[in-house]
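Look for chain A in each of the two complexes below; its partner is chain B in the first and chain C in the second.
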Partner chain A sequence: MYRYNQFDTEYVRQRVAIFREQVARRIAGVLTEDEFKPLRLQNGVYLQLHAYMLRVAIPYGTLNARQMRALAMIAECWDRGYGHFTTRQNIQFNWIRLDDVGDILEALADVEMHAIQTSGNCVRNVTADHFAGAAKDEIEDPRMTAELLRQYSTGHAEFAFLPRKFKIAVTGAAHDRAVTAFHDIGINIVRKEGVVGYRIVIGGGLGRTPIIGTELVEFLPKADLLPYLEAVLHVYNRYGRRDNKYKARIKILVQELGIETLRAEIDAYFTATRDAFAGVPDAMLGAIEAAFQPPEMPPEMDVAEAYDLRHDAALSPALAAWMETNLEEHRDGRHAIVSISLKAPGATPGDASAEQMRVIADLAERYAYDEIRISHEQNVILPHVPKAHIAAVFRALDAAGLASANIGQLSDIIACPGMDYCALATARSIPIAQEIATRFTALKMERDIGALKIKISGCINACGHHHVGHIGILGLDRAGVENYQITLGGDGTEDAALGARTGPGFSAEALIPAIETILDTYLHGRKNRDETFLAFYRRVGMAPFKRALYPPTNRARHESAA
Partner chain B sequence: MSAHPIQYVITANDFHSGAVVFWGGDAWLLRLRDACVFERAEDAEAMLTQFRPEQVVGAYVIEVVADAGQLQAQHIREAIRARGPSNYFHGKQAEEDHVSL
Partner chain C sequence: MIDSNSARIVVDAAGFHLDDWHKRARFTPEDLAGLDAKTGASGVLVLDAAQRVEDLTPWLNVLTAVEIGFDNAGDGRGFSLARALRGLGYARDIRASGGIHVDQFRHALQCGIDAVILTREAASRMPEQHWVNAATTTALNYQARLGFASASWRSREDLNL
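On to the complex of A and B.
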């Protein structure tokens, strides 16, 4: 994995020292909260409902065991023994004291981590496919591109005060696991006539104005990536709206200017500045590429070529069930990709205790070449596990309460922190996720339902990605009471689609029965078990769901509540 | 909706810990039940200008009702702030009498 060079190390240490001083000045009363707020936000420190919250970047979701142990230590020393992995592959600590932030950032710097640009109107943590480097359908490891962009965009003076935040996601695979169509910039690594380059998508996003990104460039040569993205950011910085923060994201600029005009502006700037970048990406990429070589497989691995996981499966039904959902084919036949679910039914999606973090770190070190990934779906991945060690990994996970066999299924729910923690939230989302997972797993419906993505946001900002959930749930405030809108048919993959609203929202009490109605409509209507929920929805549309959710006798009541 | 009359309380976050605090009349306190209750919103609003900025962050007025002698926040957001998150039993609800700021 990428290791900090001297520049990175010094830069991060300096930032820690600067922020320590800013905190000290705030505590001494020299800085007012209004003066201090933008400074703390630039260092990932938010003030939430119950405490300060620190958001730590996990670049493109990649960690090693030492880093995971440092996160565990931070959770224990300065938080309440756990951390929350987010939909942007970051981790958030919910119970931080302002006085401790300097020490925490120092502890992060010790393991080459930081909280820089995890907030504010700048280029945020660049996210990537969580199966990067292991996926069978991958053209190239997207983390090389993501790391190049991290280095380029960190502390970039011109782009420190963009009109609004700017999110970039990269995938190197045909199947889009990185939700690239819903980012300010989505980068797809593609191959054209044998040459690897980039397809650039612009202006996607969720939030209050959900939009599927538009193709900006069909094929961009690799060497042009930095000058081209600089042109995009420059044009956005210049023309993006600053009069209204709800219209300040680049997606609005794309809509207002039109893609053709915007492309012409970007191309003009790109053409004028491209030469200044000559040679730079090659030199930077060379060093970065070396850091993302696949792990060296030990020679004894050669004998594991023929290892047959079916033998393990036959010995334990629990292991067999887990392998069915939580293993993915690896590009190397001797290995498998292991997804560790942080979605035990009834637990808080994305939360891991310090002890669980240490178990994962130990497993990564012992069995998985010291590589860990965090997914935007709030799970943890061991990307390279020799098949011969799968059963041992499962047993260790099981002992730590980490062996939920539910990846991609009903209880593998994305949920933002919601009103239990977040100062922006309008309703709770975690208890809804807990209730859905507990109720439907108790009914043993999960396996029968199969592939299903439920995503829950506690406000219109959509951190829980509800627009791209097969079933999306959005929590709103109706006169001080939580109310939940349901959307159906969303999809964050290469077949990107925005969910459509079923109709009027539901109270917290009526929501679970409504979800049950939706699931029953699917189970009774599907052609067979192979027709997934999403395929069923695409075939039949909203009408049967609407009929079931809003029968005529209830319709008047719902409408009066809306 | 409650039949009890709406009253007013001032809340904020402690500047060091971020903890939810309530104005108790002469100090910031951790428990809603210890809060100074205002009968009129304008009296509470007028009080907001009196606080020293280094003590707390973002002071504002919330609505409460006294139900059987217990102060309860009207809005669910404020009820969660007063009690702690609902996904775990921690925060104020778990720290009844030994909280330090």
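On to the complex of A and C.
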């Protein structure tokens, strides 16, 4: 795991001191709100519906036990005893006071954490595959690149006031778990003729204008990454639109200029400035590389045969069910990747109490080489658990209410904060997720349905990624009444696709029956259990869903309502 | 030609000064075509944040004073403009004016802007000491550690780069 060097520590401490002083000047009225706003945003502080919110970065989703305990402590001391893990590998505290922020940032700095650039119009926390370093299909650990980018983007003087936010994600595996096609820049680590480099995708995004990213460079040598990104950001900063915040993301620049013109512009700046870049010193690259080596294993590991989990499964049906959904194969056969679901049906997706955070921290320390990950699907991961200890980990999770066996299934829903916390919301999002999860798990349909991603956003800004949900739900406001649009067939992986609308939306009351109709259509129509919801949709298309959702008798009514 | 404005204060890393450009002629890129080199060298080129500085290349050896206008505190184009000018080899003074404030001073200096031009009102609201303090925070710079050249031509000369 990457540990702060003296520079990192000094830098983060300095930022805390500067922000304390900025808050003091704002309170004294020396800074105007217009001047202060970008400053607080660049330190992760939002003004939300009910209170200030602090968004803390978890760079590339990696944490250790000590850091997790610090988050628990912050939740207890300065918030209401819990935190909310987000879709961008951050944690949000929703109920904090502005004058506590300095102390919270100090507590974070104590454990090598920060809230720098978690919001604002700058390069945001760089995200990466949550199975990095454990996945079987990995070319290289993407966190090395993500850490390099963390350093590169932190406090970059030229890019602190971009037209709009700028999100970068990195994946090092063939199977894209980092949603790179939907980022301002998506970085895929690839191998070409034996050499490792990057494929760069630009201008993807969700929000009001969902767009799948376009390939900018097919193969970028590793040494060129930073000066090349510098050129991308430079061109974006100068030519990205600033007249309309909804047209200000780089995806719009890509659409308006066209990829060819944009690439030429970027290449020109890159070529002109490349020589002024001396290259990252070997010592720094070496330190980053060393930080992401596989964990040091105790000697007993050397003699460990691959432990057979079927013995454990035979002992407990609950454990067997959990292993079926929540374990993933590790590249080292003696380990498994454990996903801890933060989606207990009826709970708020992504929320964890301080107590739960401590349980996870203890387990990580005891059994999992002190490594924890946060996934963009708002779950927690123990990336390296010896198979011999899976049963013990399960029992401890179960005791803490953390053993929901639903990873990748119906009730593993991504939902944005929506009307419950967000000032921009047009509808509720969390309660809808709770209702869906409770209803269909009660009907015991979840196992039968199998792999399914439901994603819910409370307004068109799409923080809940509904465009890439196999079933996407978007909550809108139609003349003061909540109305939910449904999309089908979205996919955030390497087969990126945007969901298509079923047709007119549904009232809050009609939504759950509509979802049930969709699920029934799938269950009755699928070839067999191996045909997933997404595969079924790809085979049959929208028509059978439309027929079932809007039968002729109802259609007239819907149309007159629309 | 734009009217000069003598009521302004200039702040650089060392602190406040009276505006010493106020007697200079001011002109915009459109004026350059009709300008002789002597006037170019003695006046101030005033740039708008949307300017394509690449078009100014023939003038960059002649000019000695460039002022970049910032529209508002959220508009960072001026930082990139300064970087681009430095990248193109312009090695004399760059000053920023308009909606730029003390908490952006570090960014300005690191992008190769030498000083910020303030109105009297801004100078009284943001005292000198704040600017001097902000200037010291340029020392911790990830980008320099990672191998990027400093954009500040003064610090490059100081460091004999």
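Operating definition for what follows: the second predicted complex is superposed on the first by the 548 of 562 C-alpha atoms of A that agree within 3 Å, B and C clash if a C-alpha of one lies under 4 Å from a C-alpha of the other, contacts with A are read in each partner's own complex, and residues count from 1 in each chain.
Criterion: contacts are C-beta pairs under 8 Å (C-beta built on N, C-alpha and C of every residue); 3 or more make two chains touch, one makes a residue touch a chain.
The structure displayed is predicted, hence computed values, not measured ones.
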**Request:** Identify whether chain B and chain C fit side by side or clash on chain A in the overlaid structures.
**Result:** fit
**Request:** Examine A:Glu35 and indicate which partner it touches, taking first as chain B and second as chain C; both and neither are also allowed.
**Result:** second
**Message:** In this superposition, which partner touches a larger number of chain A residues, chain B or chain C?
**Reply:** C
**Asked** Which partner does A:Ala51 reach: the first (chain B), the second (chain C), both, or neither?
**Response** first
**Once both complexes are placed on the shared chain, angle at chain A toward chain B and chain C, C-alpha, multiple of 10 degrees** = 80
**Asked** So, A:Thr348: does it touch chain B (first), chain C (second), both, or neither?
**Response** first
**Prompt:** Of the two partner chains, chain B (first) and chain C (second), which one does A:Pro552 touch, if any: first, second, both, or neither?
**Reply:** neither
**Message:** Under the stated touch criterion, which partner chain does A:Gly194 make contact with: chain B (first), chain C (second), both, or neither?
**Reply:** neither
**Prompt:** Looking at the overlay, what does A:Phe277 touch: chain B (first), chain C (second), both, or neither?
**Reply:** second
**Prompt:** For the superposed model, what is the least distance in angstrom between any CA atom of chain B and any CA atom of chain C?
**Reply:** 18
**Message:** Just to be sure I follow: which residues of chain A are touched by chain B in one complex and then by chain C in the other one?
**Reply:** none
**Message:** Give the list of chain B residues in touch with chain A in this complex.
**Reply:** 13, 15-20, 53-54, 57-58, 74-77, 80-81, 84-88, 90-92
**Asked** Where on chain A does chain B make contact in their complex?
**Response** 27, 29, 32-33, 47-52, 80, 96-99, 348, 419-421, 425, 428, 430-431, 434, 477, 480-482
**Prompt:** Which residues of chain C touch chain A in the complex?
**Reply:** 72-77, 79-81, 83-84, 87-88, 101, 103-104, 106-111, 125-126, 137, 140-143, 145-149
**Prompt:** In their complex, what parts of chain A are in touch with chain C?
**Reply:** 7, 10-11, 14, 18, 22, 30-31, 34-35, 38-39, 121, 148, 151-152, 154-162, 226, 230, 234, 237-238, 242, 269, 272-273, 276-281, 284
